[in-house]
Every structure is written in structure tokens, then in C-alpha cells.
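In what comes next, subunit A is part of two complexes: it sits with subunit B in the first one and with subunit C in the second one.
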Partner chain A sequence: MAVVKKSKEFKWHRKHLLGLRELSAEEITYILDTARGFEQVSTRSVKKAPPLRGRVVVNLFFEDSTRTRNSFSLAANRLSADIIEFTKKDSSVSKGETLLDTAKNLEAMGIDIVVIRHSAGGAPRFLSRNINACVVNAGDGFNEHPTQGLLDVYTIRKIKGTLEGLKIAIVGDIAHSRVARSDMWAMTKLGAEVIFVGPPTLMPTEVGRLPVKVSYSLDDVIEKVDVINMLRIQFERLGGNPFPSIREYSHYFGLTVERMKRAKSDILVMHPGPINRGLEMESEVANGRNSVILEQVTNGLAVRMAVLFLVNQAAAQSE
Partner chain B sequence: MGSELLIKNGWVIDPANGIDKKCDVLIADGRIAEVGSVKKTVQTVIDAAGKLVTPGLIDIHVHFREPGDEEEETIASGSMAAVAAGFTSVVCMPNTNPVIENETDIEYVHRKARQTRKTHVYTMGAITKGQQGVELAEMGFMAEAGAVGFTDDGRGVQDPAVMLRALKYAAMFNVFIAQHCQDDAIAGNGVMNSGYYSTILGLPGLDPLAEEAMLWRDIQLVKKTRVRYHAQHISTKGAVELIRQAKKDSLPITCEVTPHHLLLTEECCAEYDTNYKVNPPLRSAKDVEALKQAIADGLVDTLATDHAPHLQSERELEFLTAPFGIASLECALALYIKALIEPGVLDWSGLIRLMTEKPAMIIGVDKGTLGIGKQADVTIINPNVEYKIDVSTFRSKSRNCPYHGWKVKGKVEKTIVGGEIRFEV
Partner chain C sequence: MKVILDSKQIGQVLRDLAGNIVSDTPSDLDIAVIGIRSRGEILAQRLSSQLSRELGKDVPCGTLDITLYRDDLNSPKGADQPQVRTTEIGFDVDDKVIILVDDVLHTGRSARAAMDALIDLGRPRAIKLAVLVDRVGREVPIQADYAGYKANAAPDKLVQVNLVESDGIDQVVIE
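Let's look at the complex of A and B:
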């Protein structure tokens, strides 16, 4: 059984994880510390711990996802929960059952935790107001992807020791990225300086009011940063024609071997996956010595175990 | 009929006739017979001491959803809500299913209203067939059948050539064209105001420019055609400035403002509560201030609720998916009092003018005053009663109203339509 190290007298009380915006630095740190305790479960010969035995987790995925869904499934498995997989690509109300109906039906079967991915920002929050089960956000529209944000800061902290004082660039389609938003909240709360990098057409409205710096030039920031997180260009989300061509985008914002020569030698190269190789990042960089992309995936499992464990515990305490 | 009704001792506000004093109102045969100190004894007397007596209130922007979405509202349920809120005349929007686009459709709305016999129900017709923004609808036939104006409300007429043609054609019938100003190309798939809150909530934004670009374009078209034009539910500071200039240039342009754009801001969407999803979206505090200033400066011609009922099941959806609209007809007066009288933007006479004389002028009906011989549409208001808005008491079929539980002041006590008491507390 994992030993959860208590940071001071802190007590986790949230039965939902909807986003990182509303979490305090202390809460985020507590999740990361809890995840550290779970990391070793995956390296033992019997890769299982009992805390969610008898609990039912449903993966309610309304958008395509392989790695996040598998990661949550495996995390729930390792905590001995029962898992229902529910995937439905089209979540529009005109096509039948509403989100609330679906969730209420599942709840009637006695589920304890809903892990939801949905194309509508706010869908997990909406669900949390209307059902009794715990709700964990696995990505909602371009609002948040909190477990991705957590695994990103977990990965950085594990290697760099702390986020305090680090300069971190997040590069690409910021406007449509839930990863950028969750990263921004987690990283800045833990003391890092975040720079959003991308063309103005891919910056969110009133970006100046966010706790970040903004740059339209990757060349200007590449030498200064300790971590660089390259977002995936999500062609399915891009409206209109925010940049003239892939060629031109890669020229200005691609992480190339050439650009990497100017970066700090210990820069961490991150990517939430799946990578468009040759577009936002050259293969040599993705596979290079600074890349921690696969560590992110490994750490994601521990972080998701911690999240499932904590929300379940909070729910059990409030019962 | 020979019936007489005397409203005694009320504070009478009739801006059209410059009346703002304590006096009596005598109604005979459904018409205003006398305003002043009435000595005559009649059978039915209403003691209105401590109350305001005003011309019947008019709301030129409501959605009664009939035909097509009768589960949300009907002309009957909407009319009952209207009289309970002091409205003796309302104007329905034509974005029903099917769209109101010929004289038969207009007559259908009128027939349903006659069957209900609550409030006067007028309707606008569509500017374009099916509100598709391509071909003009039969404005002539509709005007003859009693359409009071034309709009593709719910959306704007996108093609400038079509809008220009509509304005030119309308000149033949002395009707006005109303526009829901929204350039769809700029608006995209936005669901709330574009700004800091849309960014942190991860929701697609509706840029104020979408409203302003179309309003600017239309003003150019009106300059050319000089046809009466009404900008519906303006919501941004930029739109206010465009209206200010258009009025300075003496263009035949009027505009309306809704209660929600005076009382609520984009911040209300922070919890993804679909009761705050409305189009035009709730804007910033600076826009709210600009709208209030516009009202204080006399730039706004009328207040209109854009009463847009929706089923509860449609509110229990993701913010992205839920339909736009706030149903506020039944608490409208209290909202205007809160937004405009309490902070001193308007006095009572100013508020009543925007709810009676001015909207009647926009739609071109002989109403909105207590002039002698006019049809007796009268609203009696208790301006001091305090209470909490309770949506469960609404006569409207819908409850998509974000004001539930709000503490407000001012309530309609009696609504008289054509000399008949159609509502009383």
C-alpha cells in the first residue's frame, strides 16, 4: 500500500477535480506528493493497490482519446476499482440522450466516480452540480485538462526539484488549448514564469489579463527558458485559417534541431501528445536527450491514481 | 357598452401629455374619457392612492414561440404573463417554426391573440423568406395584414445587398426594419462575450465587433435609403457610440436595450449557468455603464425584454449546447426600476416614456398615452412594495430566468386593456 506523505496538517476535501484554476498551490502540491507515493505501485511485481476496491469508475468519453482514457483506466485498475468504459463520439442533444440523462443513468447503476471528457467547456462542472458521484475532468473543450497540467508540473518538479523561478514556454495554439490553460494555472501557482508563444491569431482574447507573458517569436524566448511545452496543432479545432500554411507555421514555431542548439543544455522538452512529427517538433528533438515526453506518460498514471484516490477519499469522508 | 371605470387618487404619469401629478382617470366605453379631478360618480371605482397610474406598458420584443414551440410558450401563456407584468401591448418576433413570413402567418398570430383576450398582441414579419437572408419575404401583404415591422431577429441579415434591398422595398409601405445586429462571420460559434471570462472558461467568444460591424454597415445603408431602422437589443459601448453619431446625423434610427444588458455582466457566466446564456451575450461592466449613460442621454428609444422562453430540459445542458435566451417578461418592470430608477439614471416619467409613448411611436400604433379618446390601456403600479422574484409563480410556461430570488421593489397591481381589467393582484 502506498504511503501518503502528509504535507503538514493539510486535508484534501474536494470530491471533484474540475480544473486547476480553483486549486491553491497547497492543494496542487498535495496531489503531487500523493502521486509520488503511488509511483512505486507501477514498478512492483504486483501492480495493484486496494484503496478503490468495491468502487466503480466510469470513463465517460465524448471525444476521441487513447492515451488519457487508457491512463485513467489503468490508474483505476491499479487501485482495484471496477471500470465501465462509455465512449460516444457525438454528444449533441439532437442525437438523443442528453449528457445529464446519460450521467443519471450511469449513476442509477451505482457508479462512484465519473471521469469525463467532453467537447463543451464546463461540461464536468455542469455534471458535478447535478449528480452525486465524484467528477474528474479528463478534458473539457478548451477549458481545462487538469490531470495533464498536474502530470506536467509533476514531471518538471521531479527533474528540476521545484518550479519556483523556472521560465516555461508553452508554444502553439494557445486559444484552443485546454492543456495551456491547466498548465498556466498549475505552473504559475507553483511559482514558475509562463510565456505563451504563438501567432496572435492563436492567442486567446484578453490574454494580457492572464498571469503570463506573451511572445510571438519562438526565437526570442528559446534561449531563456528552462522548459518548453510544444502544443499539438489540433487541426480539428482550428477555425478558419489562423496561419497561412503548415510550412510557414513550422518555420516560426517549430522546435527544430537548429533552434535547440540555442536552447539551454538542460532544457526540458515536453509535448502532451500525440505529436505531429515535423510540424510542431522535429523527430530528432522528440526523441532527443532533452525530451521527457514518455516520462510525462508514465507520470500521468501516478497522478491519475492520486486524483482518483483523493476524490474518492473526500467523497467517503462526506458520506 | 356604456360601462365606466374611475381610477381615483393615483399619481398619473402620462409623458406624452406632460402629465405627472396626482389626479383621476375616467374610462368610458373602453376609452379615456377624462384625466383630472373627476367629480362624477360611477359604479366601478379603483382607489389608486399611493399608486402610479400610467399608460399601458409596451414591450416591442418578445418571443411567444407560437407556432412551433408551444411547449416553451404560447400566445395565451405569454399574454397572461404580459398583463401580469403590466404590458398591454407586446410585439412578437417572427422567428417561430414556421417563420412568420406571409399574411396568413400574421393572421394566425392575431387569431390566437383574440382567442386569449389578454393583451394586445402585435407581430413583426420576417425580412427574408425563412429568415434565410436571401430573398425578401412578402412585406407588403404582411404590412396590410397588420405586421408592425420586419426583422429576421435571432440572426442578422448578413448580405449587405439583401439588407439594402429590404430597406428600399420597405419605403413603399412606411414600415420599419429592425435588425438583430450580428455579423456571423465575426461571431463564429461564440456562446458568450469574447473577453477575459470566455478565455478562462474556455468557451468560444462572441466579439462585440460582430454587433458593431453590422450596426455600422446598416447605418451606411440607412444614410442612403432614409428608411426607418431599429437596432434591436444593443449591448456594447461601441454600439452606443454608433447610435450617438447616427442620431447626431438625424438619421431615422431607433434602438432598444434589454434589462439583462443593464443588470448582468459576462462574469455571471463563470459557473457555466445556462440561465445566463443569451444573445447578444452579457457584456462587460463598461458596456453596462455605457448603456446606462446612453439611456440617461436620451439615446435609447425603448426598453424591451427580448423575453425568450426555453424549456427546463434545454437549460439542463452544457453551456455550449444550450439555446440562447432569458425569459424576463414577468419581472421586467421591477428590473427596470432596479437598473434605472434606483441608481437615478431615470425618473419615473422618463422610465414610463421609454415603456409607453416611445415604443408606440416605433411600431406606429396609436397607443402609449392617456390622451382623451384613446383606447383605455392603463397600468397601475405600486412603486414601493418590496418582494423577492419567484419564478415558480410565473404565468409564462418557462423558467429560464436568472433573477429568481432577487430582492426587488415595484409591482404591477392592475392592468387595464381596452377599458377592461385584465389583471389584478
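Let's look at the complex of A and C:
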């Protein structure tokens, strides 16, 4: 068993996790290393540890979510925090209360960490500048979804050992995807090459300024990549007619059994969920031996525990 | 700097600890050794090898990370930021006599945290505490069952355990 010497130089100092763009490779690696220690909490006899005992976490979700919200709730529970679930439809937001008023009122009750999902990009940052509690971004507009980005690189690193030198395709509706952006920042900072793949109508307008390659053909990249992350077509966000028909999209950009035959045998197939089976991915591929979609969900729990733990540590030490 | 245990003496202490553990533990009970990261991890591996030799059977060994159970996590004074590491215990702790191993027993706070962490993994038959150095300065009511060297070091001194695997040399010094 190798004994790793504790590095004295690095200290986590962020009490908010707003995005991965602003993090260094060292900070990202530190979160991933920390998450390793939280994996076993979920597999043992007592699936709970005490580090956030007496702390209150609020899940402040202004958009629908099942996976992310449940994952944060369970992560907070396993760290022994108390948790308040806030959803838009059964709150005073429906009576016209502003984001800041909602947050200030929750803060007046003595909360410590706000986990926020909001349709407006930048909402978590706005909140972090106006309240004292820690803020964790659980998805803001088309901007970032940092814990998804972290759990994606965690999953890849766990299986492949490193991201250094890997070629990773992110396929589909890039323009409306905060996952694609957080993935891109985390993956490129850790040394991978990222290729955005999709029809031109679903590419972000700023794509030329991003540290990625772009391809409009999945068939051109399928043989080359080590990891493929298939994004969900987000019907609720699509305006106009970005592609002629679902069938045509599927034909050119769907991950089919046929296409998988041309991929590397050890390619990792990822999806942030929820899957439109038969649209961006065929069921046999989603359930196939290269799929790590459920590992992503499991790892997400450990990563979110690590994030909640670290922001709380930074806050405690800055008091 | 004063050397209180050299390489030879550390070897002797571990043999003595193993001997005492064997003579105290009824032979029908299963013993397992668990070290507290990070120096306790190395000592636990050595102790389990020694116990395996004496008992003529494999004595399993694991490593416990106690960071999540520390009592200073939310205290602003905790200037050093502990990194969470993995707990690696590849066996069931239920019904075993667990020998919990650390390098130095001082305030007793690490041993308290380790016991809480251990009990979240299952229900051992018994937990015994074995340390290389038993230093005065307890802050909680915890004592070692097996202690190698008793050190009466002043509060401002540092008792440093160096081991070959992590530091290149086996010795215990007071600085």
C-alpha cells in the first residue's frame, strides 16, 4: 500500500462552487481526490458520517430536476446536515417574491449552504455576492453545471486513470447545454481534447472562442474518441426548428449499435440523463457494456458530498 | 532533538505489542488490525505481519481515515485543513477483536474519532488501542491497551515518529 505524503502547500479556500471555468486543474483534482474518500460512506453499514452535523443545506431549485436534487439531498443527508427542500411551484416565488428576497428569508432562518438551480445564467454568482451562506451551483441557464462536470471527469478518471491525452466527444445540443460547458472546462483543464459534435444549428455562437474542436459529423469522430458523452435533446429549451425531424437527428447524431461497432472497444459511453431512449441513444447502447451512465449517478453522490464538505470547510475557516 | 526510540527498539516494541496481544486474546476469537492514517497505517501493517507469524494464520489489516470524524472540522482555529482520504478495510469488522493502531497517543481525540468511525462500519467484538508512543496530555478519557514507549514530553515539544516507508528511517524523536 503506497503511503502518500500530505501536501502542505494546497489549501481549498472557496466557500462557493459557481463554475469550473474559474477553477485551476489543481483545485479540480483536489475535489476529485476528496470525493474518493466519500465513496465508501455509501457502501458501508452506517451510510452516514458526521462532518456537516448542525449545518443546514437548502436545495433552492427554480427548475425541475430529479437526479441532481435527489443527489444533493442524499449527499447532505449522508454528511448529517439538515436539509430544506425548496421548489418553485409550492413557494412564495409563485406569489412574485424575488430570488434575493427568497434567499435572504431562508438565510434569516440560519442556513449555511444554498444549492441553487436557476434558468438564468449567473444567478448563483449573483446570490453569492449578496448572502453570507455558501453557494453551490446546481445548474444555471446555459452557463454551467459544475457538479455534473466534476462527476463526469471523476468517472472517466476512475476508469481510465487519467484524462491526459484522451479524446472526448460531446454530442448533441451543445448550444443549450450547461453540462457541455462544465465538461469542457474540466476535461480540457485536466489535459483531454474535447470535440463538440452536432448540427450547426445546435452549436453555441461563441464556439470559435472555446478551447474545443468542432465537428458536424458523428461518423467522422466515432472511431477516434476514448469517451463519448451524449447530451439529451432538450425539447423544453428548443425554439424554432434546429433540425428537420427527430428521425433525421437520430440518423446523423444518434449513438446506434451500428455506430458503436466502429468505436474503440474500450470507449466510455456517457449521458447526463435523463435519456431520450431511441433518440440520442439506442437502448442497447445505453444498457451496453461500454455504458457508464449509472456509474455517473453513483459517483455524483460522492462528488457532491465532497463539494458540500469543502465549501463548508472553507466557510468555517474564514469565520 | 532527542532520539527516544531507534530502529532496533521500534522492532522490539512491535514484537512486544504483538506478544501481549496474542497472550490477552482468547484463541477462538478473530483478530484484525486497523491503522489510523497515516503513520498508524504503516505500523498496523507491521503489527499484522508480526501477529500473522505468531498466530500462524493471516491477520487482516486495514486503514481508517478519520477526517470526517474529527472534532475540529467546524472550528475556525483548525488552521491546518485535513484532506479527506480513503478508508480501506477489505474485511467485515463484525465480531472481530479490532486492534486500532496509531503512532502517538496524545490528546486522545484521534482515538475517539477512530472509534466512532469504526463503529459506523459495523460492530466489532472488541476494540483495543495499541500505540507506539504513549505521550502525556490526554484531553478526553481514553487510554491505550498496549503502549510501547511512555513519553513525558512537555506540551510545546513535538514527538515525531519517522518510519522507513514514509520517511526513509525508523526512529522516534522529541524536538
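In this text, the second predicted complex is superposed on the first by the 304 of 319 C-alpha atoms of A that agree within 3 Å, B and C clash if a C-alpha of one lies under 4 Å from a C-alpha of the other, contacts with A are read in each partner's own complex, and residues count from 1 in each chain.
Following the convention adopted for this analysis, a contact is a pair of C-beta atoms (placed from the backbone, for glycine too) under 8 Å apart; a residue touches a chain by one contact, two chains touch by 3 or more.
Quick caveat, the model's predicted, so the values are computed rather than measured.
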item: Contacts of A:L99 with subunit B and subunit C, given as first, second, both or neither; value: first
item: Subunit B versus subunit C as contact partner of A:E206, first or second or both or neither; value: first
item: First (subunit B), second (subunit C), both or neither touched by A:S291; value: neither
item: First, second, both or neither for A:N130, with subunit B first and subunit C second; value: first
item: First, second, both or neither for A:R178, with subunit B first and subunit C second; value: first
item: First, second, both or neither for A:N59, with subunit B first and subunit C second; value: neither
item: A:E144 touches, of subunit B and subunit C: first, second, both or neither?; value: first
item: Which of subunit B and subunit C A:R36 touches, first, second, both or neither; value: second
item: First (subunit B), second (subunit C), both or neither touched by A:G121; value: first
item: Touching residues on subunit A, where the partner in the complex is subunit B; value: 21, 91-93, 98-100, 118-123, 125-126, 130, 140-144, 178, 181, 204-207, 209-210, 239
item: Of all residues in subunit B, those that touch subunit A in their complex; value: 188-189, 194-196, 198-203, 205, 207, 271-272, 313, 316-321
item: Of subunit A, residues touching subunit C in the complex; value: 1, 3-6, 11-12, 30, 33-34, 36-41, 44-46, 48-51, 54-55, 79, 306, 309, 312-313, 316-319
item: Residues of subunit C defined as touching subunit A within the complex; value: 38, 41-42, 45, 63, 65, 67-69, 73-76, 78-79, 81, 83-88, 116-117, 119-122, 165-166
